[in-house]
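Which chain is which? They are A, B, C, D and E, in the order written, and residues in each are numbered from 1.
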Amino acid sequence: MSVQSSSRIRRAGLVGTVGLVFAFLLLPVLIVVLTSFTTQNFPAIPQEGISLKWYGELLNDQKLIDALTVSLIVATFSSILSSIVGTIAAFGFVRSEFPYKEHISTVMLLPMIISPVITGIALVRYFGTISLPSGYPALILGHTVLSLPYVFLLVRSELVTFDQDLERASRVLGADPITTFRQVTGPIISPAILAGGFIAFVVSFGEFTATQFLISPETSTVPVVIYTMLRTGLTPTINALSVVLILIMVVAALGSRRFSTS
Amino acid sequence: MSTRQSRLRTVTRTVGEQLGGRVGNRHLAALGLGFVGVFFVLPILLLVPESLALGTSAPFQAYSRAMQGIYVNAFVRSFLYGIMTTVATLSLAYLIAYYLAFAARRIRMAMTLVIVPLWIAYIVRYFGILLFFSPAGPLADATGYEPSILFTTPAVVIGLANVYLPFAVLPIYNSLNAIDRELVSASRVLGATNWRTIISVIFPLSLPGLVAAGLIVFILAAGSFLGPAVLGGPKQTMIANVIAQAFLDNFNIQFASALAIIYTVLLVGLLLVFNTAFDLREVLGNI
Amino acid sequence: MLEVKNFTKYYDDLCAVKDLSFRIEEGEFVTLLGPSGCGKSTTLHSIAGLVEPTDGSIHLRGTDVTDLPPEKRNIGMAFQSTALFPHMTVRENIAYGLKMHGYEKADVQERVEESLELVDMPDHGDHVPGELSGGQQQRVSLARALAYEPDILLLDEPLTGLDRVLREEMRGWLNRIQREVGVTTLYVTHDQEDALSMSDTVIVLDDGRDQQIDSPERIYESPANEFVAEFVGKSTQFTGTVTQENGHTIVQNGTKSIELTESDLTDGETVSVFIRPEDIEVGLEQIGADNEFSGTLTDIANLGNRAEVTVTLDDGTTALAHTSRFPEMTVGDTVYLRFDTGRVIVL
Amino acid sequence: MLEVKNFTKYYDDLCAVKDLSFRIEEGEFVTLLGPSGCGKSTTLHSIAGLVEPTDGSIHLRGTDVTDLPPEKRNIGMAFQSTALFPHMTVRENIAYGLKMHGYEKADVQERVEESLELVDMPDHGDHVPGELSGGQQQRVSLARALAYEPDILLLDEPLTGLDRVLREEMRGWLNRIQREVGVTTLYVTHDQEDALSMSDTVIVLDDGRDQQIDSPERIYESPANEFVAEFVGKSTQFTGTVTQENGHTIVQNGTKSIELTESDLTDGETVSVFIRPEDIEVGLEQIGADNEFSGTLTDIANLGNRAEVTVTLDDGTTALAHTSRFPEMTVGDTVYLRFDTGRVIVL
Amino acid sequence: TGGGGSNSGGSENGSSSGSGGSGGSGPLRFLGFGGNTQKAQMSVFESWSENSGTAVKGTSASGTTEMISLIKQNPGSFDVVALNDTGMARAKQEDVIEPIDLSKIPNYEKNIKESARTLSFNVDGDKTMGLIRENGATGYAYNSEKINKELTSWEAVKNPEYEGKVSLIDRTMDRLANCAAAAGVNINEVPGSESKKEKMFTEAEEQNKNVFAYWSDGATSIRYLRQENAWICEAWGGRVLALHGEGGYDHIKYVVPNEGAMGWSDNLAIVKGSKNTATAHELLNHTYQREQLLTLSDKMNYTVQVKNPPKKMKQLPDYAPAEDLAFRDWGALLEKQDAWTQRLDKIKQN
């Protein structure tokens, strides 16, 4: 058998198998998308005809829109905060030497390691003790802690490979340390920071397990509202919302090189 | 001139300098640690006193209760499901990652498809899976076949593997992608078939990514709450469900804290064992 | 031994190599020399089976191997990046090819040790590649490629990226080993010094097409065309018109006229004339030789064992000449260039 | 212009540079030459203010700048890695230093264009560094370092990693530009050819200590010690015992005896004797010269313009000699080596 | 069941304040279960808001425990809360509700049957802590297309034919109450008798055999029925009736088994720390007008213990007049909750 035909067969086999894995991965997405067009009052695959009524309902569903607002606010602020803290910490760890540095740095990763149920319980008790109001303060702080490890890891690995000659060059060219950071270091590592912030945003946006302990009556996030709706009756509005979010994401990902690669 | 000053003045320590010259980069590390310390480590540590009935005759009563069969089972199940999910997820993720790194023609598109599910709340995805396999769901509708898979261990593992798959693809893809293509050529020229090359060269070189992916999937899966809650039955209860139930349904903060502490200690212990085989720092660096 | 027939390779619309044919005899050392992007690696990879030819065929020991996968060709190859497996020790790297070629366990062990001896690294067997210097890595890569006695050894710029000192040292190594083992070798490089110093035959490639296939000496002394003349070795070039004057051939360029020994040129023809810097003598005094031109010294580069001087001739053209080291001249001096007409290359 | 006084640098316990002093006059081109790890970069970085001296001081234009941060020193620097800012275009890279030095907007623009002219890249201003070749990047890096008219230009192995052809071309560039701009330059390299071809003064450094500070010619012709002799240029070395015989100084080594012109050596002294390959003549016939040794040709490396031959002498020692290109010799020939006693370097 | 958001129910129209003569300190905040009971309740509150000018802002939580957590974690954030019987017992224990001044709610005595006004979980000594709102039973529903015989007894749950096709409720005391009923025991007597306890748990063990999952919220029970995961599913009548209302689900039958079924009730209480107790009383008084109570029953599909119930209410699947019902005695049961949960968990996971 010739090289090309055997490699073609191999490729076909791989593509077929990978197609099945993709089908598995995207199965829930497909179902969510399909059910968002149902004519029925509960999530079901459309049988006779499709409708956009749940997209209409979405616009009228004040509770979901409120939750979406809360989710966006919390995700925005916590991703900004964790980007800042994560970047500072990554700088600190990469650019300094002290005993047991690498071991100590795993502490930064603990929030990713420990189950969010435990995080949620620990935080709600703790916030109670220090009288931090539940709602935005608790949610934003909690989500910041939960997403911090992702930013830390991303920025750290960027900084490890960062060529410090660039900073040296900037200094020799006459720039002081602050200018050097603003003009050289910052812009160059910003894709990593942005990617970290993006992941932090996604983590915050989807987090349910710890979040259920941290919400206040006015600040339910989307996943928590969905969970509540589950118990009282889930409507395909949720699916419509999910589809809208997917669309936003796909457009953003295809539109910007930065995010899809990270 | 002292060494300390010299550390501050070296240009490689730029950020410290910009904060007024008195702040070193070590202070920045301390700031990060402080944040995690105050808003994460301390709260977790405070569960220790909560878990103890101090001042009573049986301060460890919550712990001795946790030693009973159903709770031990929940712990065992968490770790077991964690491992099963990890194995399943890694196999699938490896296929996708291999495809992305070596065969994909439209990588951006494929990569986007991998990430798309992350935008749908876990719970909604679990519901998709539940609906799919239900007797009145699309699978039975289309094929007439009703798999009796729901509310069993396979259902939970399938669900967990499904939602954590994207987390595993990325690190594996990164390490596959970093493999110098000339190594693959070299292996072929040295007489190895494509398959032997995958086994002897590509696979070992992708181990860092694989281990990183395995670690993160294991951590996420073992601690998961929604998966068993939606797709499992009573026999699939995992530790996160028990902890949530103790805290939310039974108001037993003491017991919930004890379970949380035990779980954390077990997990950290496990990671330390893991650390003897793989360098945890490196592995986490790959995530 | 190896025969490449009408090899052509297109990457989509881009023609990387066009209709290249050559053969290598048993034990020969042949170099593919050409600038970056001229198709050297493409050719080598096709011979190894790593790239599929668009057209043409590859024959090894008389068999058409064009459709054979790389692992069935019994070829040894060393890469520019060394391509040592980073997760294996030096020993394991060398053993890999042996195992894949079905050697017995005991044989593998023996040959690994022999190969380590060959490249003079018997004590480094248990190191991983990351622990070795660049030159050592290249040597291991060579040992790995040779261990299983391939029919032919392909080398893809194995010396690029090494610094000058290491490069010269490695060149010596390669030469020695090739002599000891006597393996047929096809070497790829864009460095003319590599090509001239090691090869039996040099194939000069440009833009996917062969320009000249010849011995190093012929390539240097009788380049087939302007590209070869310019790419291989430095030179001073004049373009001029031929006049035949009582049995003498003279090339006329502005105020300069160069008398040649060559005689098959026709009157009025335009030719390019090349003179190698080492063929030009530089003097501070005029001696009234046949081909003597005056000019101003505009640059001296002391290269240690010799100096390379740049002279701007009176008609404004520039010439390059070698002198002995640290010459007693300074930039600005008026100098006289002379050369033996027998040394002039005419195209 | 620049004066380094008793510069010493320790990294914790490791002594990188010990008590180094030298000065560079206005307009001079000085090279720091030495093997990897000898402390070249450490010295350069201290001058730039990027590394703080453990001891000693740095003076620029007569002022002690030891405690000044890098941005206050008005220094131009080009790095081996080029260190071009990848997120800025070529123009922005060059403008950066100008802006930081307080140039007016219009001036910045003008000087950027001038600098692009200087390095012959007027059309590449809007490219980002990633789109340029290695040599082009080096040129931009140079333009960026020169644009704001620094007092001194520091070059940290800017040519390392470039291949031979590009390296030679860039060397020409550097020379030309340094001549045009006339800027005082301190150049760091481990390549002797770089050092010899460009410098007014060479500082040879080994293990953090200076070995010789001298002109290229003196460094090559009169090395101060064995390290310098071996590091700068190839040579054949003999160690022997001095005997004075009726006014002649003879160095005796086994069966070889070399007669020297030098006379301040004492009887019985052991000396090292070096001969450069270009000082050795290789012949196929014995001519009975004073210093003539027979041996067997063991290797020929044709380097284009010359060949480098290795000869194993009858007493088993090895000698290196240059011949004209493509010599009529083959490995195995018996050859005769001769050299002028005036060319022998005695340490 | 539109997506019309239960926590926004009455909040938009209540911007004016101070006209109700009640101190006028902002809107009242109500915490309920969500779903259609919440919607029904909010519609009643709305009619009050229109007259009083005080808005009522609704929030929903997914269960009683969450509600109590919410109250504890957000002190002063709620005025009125809807709790089920378990929730009332818990709320008393956790001290998150206040005694109610019945003199300010004359409509309660006037319109609610006396037998329904003194249920143990709604009182604390001589203080009234909660007002009963609606009540029902926890029977089961079955899919008559899969099971083509009429089911009337708890025995059906144990029929081996239905292996893997049964889902039961996940709440310990609800579950055990039905097991006790099936075994012919009154759950209120179980704490005092070892043999009755064994009978109850033996029944729980037997009923467990066919179970594929336990559900913890009504929506899940209906989903299992709809998706046909369950052929038999412990359920609430009101939910099943609502399912019928969707059309196409008439084959899902609801039964209160003849051995009896557990009774539950939802109740209204005033949250401790409320700064609007006077207004809250006014709101409650409004709610307990007969006309409003009938609206509630109508919209919720459950019994409201009004004097002289109308015919329509009597036809509800769960209809049970207070005098026929034995509610659980939480005074005795609550302390068993943890231990029994543990034992039941063991059974569930065999």
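Note that contacts are C-beta pairs under 8 Å (C-beta built on N, C-alpha and C of every residue); 3 or more make two chains touch, one makes a residue touch a chain.
Remember, it's a predicted structure, so these values are computed and weren't measured experimentally.
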Mutual neighbours - chains that touch chain B and chain D alike: A, C
A-B against B-E, pair bridged by the larger set of C-beta contacts: A-B
Centroid distance [mean C-alpha coordinates] between chain C and chain A, Å: 54
Centre-of-Cα separation between chain E and chain A, whole angstrom: 38
Separation of mean Cα positions, chain D and chain A [Å, integer]: 54
For chain C paired with chain E, centre-to-centre distance based on mean C-alpha positions, whole Å: 90
Multi-partner residues of chain C (each touching 2 or more other chains): 49, 69
Contacts with two or more other chains, residues of chain A listed in rising order: 168, 171, 227, 230, 234
Multi-partner residues of chain E (at least 2 other chains): 63, 226
Chain A residues within the chain D interface of the complex: 163, 165-166, 168-176, 179, 183-184, 187-188
Of chain C, residues touching chain B in the complex: 45, 48-50, 69-71, 73-77, 79-81, 83-87, 96-97, 100-101, 144-145, 148, 154
Chain B-touching residues of chain E, taken from the complex the two chains share: 63, 65-66, 68-69, 90, 94, 164, 211-214, 226-229, 337-338, 341-342, 345-346, 348-350
Residues on chain B engaged by chain C in the complex (per definition of touch): 180, 182-183, 185-194, 196, 200-201, 204-205, 207
Chain E contact footprint on chain A (complex, rising order): 40-42, 54, 57-58, 60-64, 66, 124, 128, 134, 216-217, 227-235, 237
